[in-house]
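A short worksheet on the structure shown next.
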């Protein structure tokens, strides 16, 4: 049994992680911790867990005393909050999967620029592994510290990886227009995410400046082998869950849709969580699962390929991927605890 | 008083038109007609009109006998259904505003290609005016037949027009990623638009092949002066109303955001329904009105400008624009009956 | 022109009031005030007002200096916040319409019990008029201080008034099961009203103890002539606007549905905002208007009548009714500024 | 392994059943059948099943040839459609769980009255068992034919059963005000269940005449021991899933809330799917599970108890309960395949 602790357990991503780990056959939850709800029963905050989970959330201070009891620490905190606890955990030989943004960017200057914060664990950056298993599976196996990817980057990078490897595209042309449900904004009191503010409307936000941009660029550049600069625009959609990324790329030369479909099928042929679709993906088809559905369409008129990917932002975009990383890290079957059938409607 | 008839009055666009015309000071509704609900009281189909409107929908056959009683015929029918009645109306000297697609494309071969239907009124195409007042106001004033623009083209063309006129862009780079509420799909029984199919999901549709593409290309080409081919991708959003178009364009040379803002402000300075915004538009800010909100963001990293426009698809995207066209056509104040304040939440 | 000031203008009810008053032909807005957004431009908080309204929200302290400039003060604050300013306004001869709860209950002990707060303006209670025009029109005409009814009480009292007057019911049997959109919870940062908390769920709240209960009982008792105790249960529905009240009452003796329908039609025959419906009301049929739709169904099997009423909680349930009260108070046509056609979808 | 066939597999309830049975360890799906989609791959109709389920839906005619291959037939068809196939299956020794309404009412005259259809299998009615395990577990164990309860009756009967057994209530006073998500209306093309018709609105329907009324009365009468006539009013809520039933009952004499809470706790103490809550239930807390949450509130002012129950209409209200019945019928652990943790948000 893998003994795990979860910090930030009552947020949407944290809670989804609890959901998965509670049902996972090979893990034991040693503690849950919450900034906002320390000393509350977890099922008081999330009453759906009544009868299933009786843990009390411990406060942040108590975590240190518990670190020696666990094998793996999951952190689901806002950026800038993971540095200290990560250091302490690693020093004790506890592995860490950070669902936050603190260890995703390899370049500390980039972190500083985009997050407006100095990075206080620069020495850990080179050792940390960007936890997108379809791209970095080998490194994940040997990692001590895994930076779990952001939700938008997961959808975006998975959509782009095969064609980037293939190479025959104009890399200056990449545009990612992404749409997310409101749970992506987190579970904190705020007016812009009130029901009556989000319902019956759609908006873009962070245009030209969203923090997931450098993360997507870092990974796509690595895959392509040369530096890539791209456009990324997120939108807020009146639904609870789901991300759809619509990616536009100019083809260097003519490609048939069938050829690209085969390329994608082939690239992901051993991947259990990627489905290449003949029809266009819809977020409801992956809801509640760790799946990423990808579809593509060659537009001969414009010489462009449009690649669409759909994930559940709290699953493959956060907690599901964290569990997938854990499974790899601890030598379990990669799908353990993640064999979930999408539930509709 | 302008005496008007409305064909297709019980669909979502038709009904919105009835809503506007009923409250318009200078129009008198002579008849409403409906394929599906002939001989039904209009307020039986749309009970919100109880006490306000007591008309009975006449059947399609009865329209011909009524044509001589009206000055203006509005048609809100699916494509391919407007040809015959338009001819008859024009022959009697009745002006026509067609909210459908039958007279929007000047090139009948293009119509045939995209709509899979032969155009049976080719002779009317050259005389018909594409009813986007901000672009074609002068021609609208003198028109007999106005082709009211599609919802997506309205949002897209208005977003692109100023920068196209300006010229300093790479016209091969234009990408329009648009998002629409479900009312855009019309009021007809169908499984894909059921509540439980649309709610809590998002999808793209018609990728690379949506019929509004040639319409957008025709108009942007006219504005630019050279032929433009662009990408247009519509998405279905779980909300009733609203379209947001996110447009991506490569700048030929560096432009400051402020300069482009001023360019847009200036281009639309006399327009009563266009608001150029410092912040990014949200569809709720135009809900229930004929407004089009436009915002833009220069992304220096990529050399791209991202232009966002928001409209109410049933208003500026259909019925509101039809009334605006009517006002121009009959020499009324352009805002008459359209001085609507957006209602939130 | 009636010169008006609005306190609490940026909340959902306050903003709806601004919406109505801005378009009202006989009013001039002298000031808007906001606790949370003092010194902000109103259209910064509610960007849909851009171009329509350029007022800056004044702070609460500045109001006193402005009171002498107005004829009428609207207050849209949480309970307990209206006492002082109301006194000052009345002393200066300014009439007051309070959209909050502070002057609705005639019995200060009842106020204390249900609101957990001592009433500090007991002397004003007898003079204040409960502003439900369909019941208290005469008193409203002569009032200095109008307590605008709560949203649930408006729907409930209007549903029950005719049959209570009629008398032939078992008054111990009255049950009101009400459902409201989320805007009723107000525009303040809170977790329970976040999109992802409210969407895709329904719950009851305040069961057996909601503060609108004594208000409904006070008014229904007055109408009936004897004290009434009843059950009132509100529910939160994942939609922005609308209240549906489903009322259950045992009939003392058999009544036909047709007879009761005629009774209701007759009771409200001169009312411009009440529609008695043959079919069952839906909230969308009154959306965006000051209308109250009422339908009823006699269930012969149980000897019960079920009466349903639908209102827009921000209109007839708040701002619309406040304007209706203003119209009456100042001798205007009662429907002025309220001749709104419901907008769907 | 229990070999099962499913008729009506592509509807919302049928599909949810496929979801459960596909993941159930002790069942093998022998065939899926669909009226509307015969010869289609199941995952063409419900693309979320891609990779998980490759069955082709067989047509209704082919079922007969397949009956000898199965142990259990699930039928999820509209009422009036189950008679013939049920007879044939039972004759072959195949057990039947009918998710439709055809065998729920013991009295064929009642069926005829409420469903407007003659019952053509009257001889099967006495042998059929009403499949609400918490009430009829013993009979279910020995049944050949199980009538799976309706969604509203499940929520209603479970809410009322303990206090009915207890006896100290006025049985003439029972009122059930129920609210359901739109999936309850089924997956068929229709205008009233379109997104733009249901979203942003609430309505009651079938007031005084909904077909679930006699079903609730039959079962509550059996539990109480005397005939009960009650009021049942369903409402349509803009959400995909979930039923909340708010039940009002007059207490014959004073009862404390704590006593009733203990009574409920005790009544359901051995039930794995019933949670008696200290706080009020919300439908999201049971979403995606076979749970029924019940909360209650004694209103001393009115001498009434208000009992609230929440279920997932497609789970405990349909497919989940069908699997629970199967588990009992075949001697499996009752929770097998149903140990689901509610997923939020």
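Order as written gives the chain letters A, B, C and D; numbering starts at 1 within each chain.
One rule holds in what follows: a contact is a pair of C-beta atoms (placed from the backbone, for glycine too) under 8 Å apart; a residue touches a chain by one contact, two chains touch by 3 or more.
Please read all numbers here as calculations on a predicted model, not as lab measurements.
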Problem - Set of chains whose contacts include both chain D and chain B - result: A, C
Exercise for the section: Could you run down the chains that neighbour chain C and chain D together? Expected result: A, B
Problem - chain A and chain D: spacing of chain centres that average the CA atoms, whole Å - result: 37
Problem - Averaged-CA centre spacing for the pair chain B and chain A, given as whole angstrom - result: 39
Completion exercise
Per the C-alpha centroid definition, the whole-Å distance linking chain A and chain C comes out as 45
Problem - Residues of chain B whose C-beta touches two or more other chains - result: 12, 181, 183, 196-197, 199-200, 238-241, 282, 284, 287, 345
Handout entry: Of chain B, residues touching chain C in the complex
Key = 12, 15, 19, 22-23, 46-52, 183, 199-200, 240-241, 275, 277, 279, 282, 284-288, 341-345
Problem - Contact set on chain D toward chain C in their complex - result: 172-173, 175, 177, 179, 181, 196-197, 199-205, 207-208, 229-231, 233, 235, 237-242, 244, 246, 248, 280-284, 287, 297-299, 301-302, 304, 306, 308, 345
Handout entry: Contact set on chain A toward chain C in their complex
Key = 12, 181-183, 187-191, 193-200, 238-240
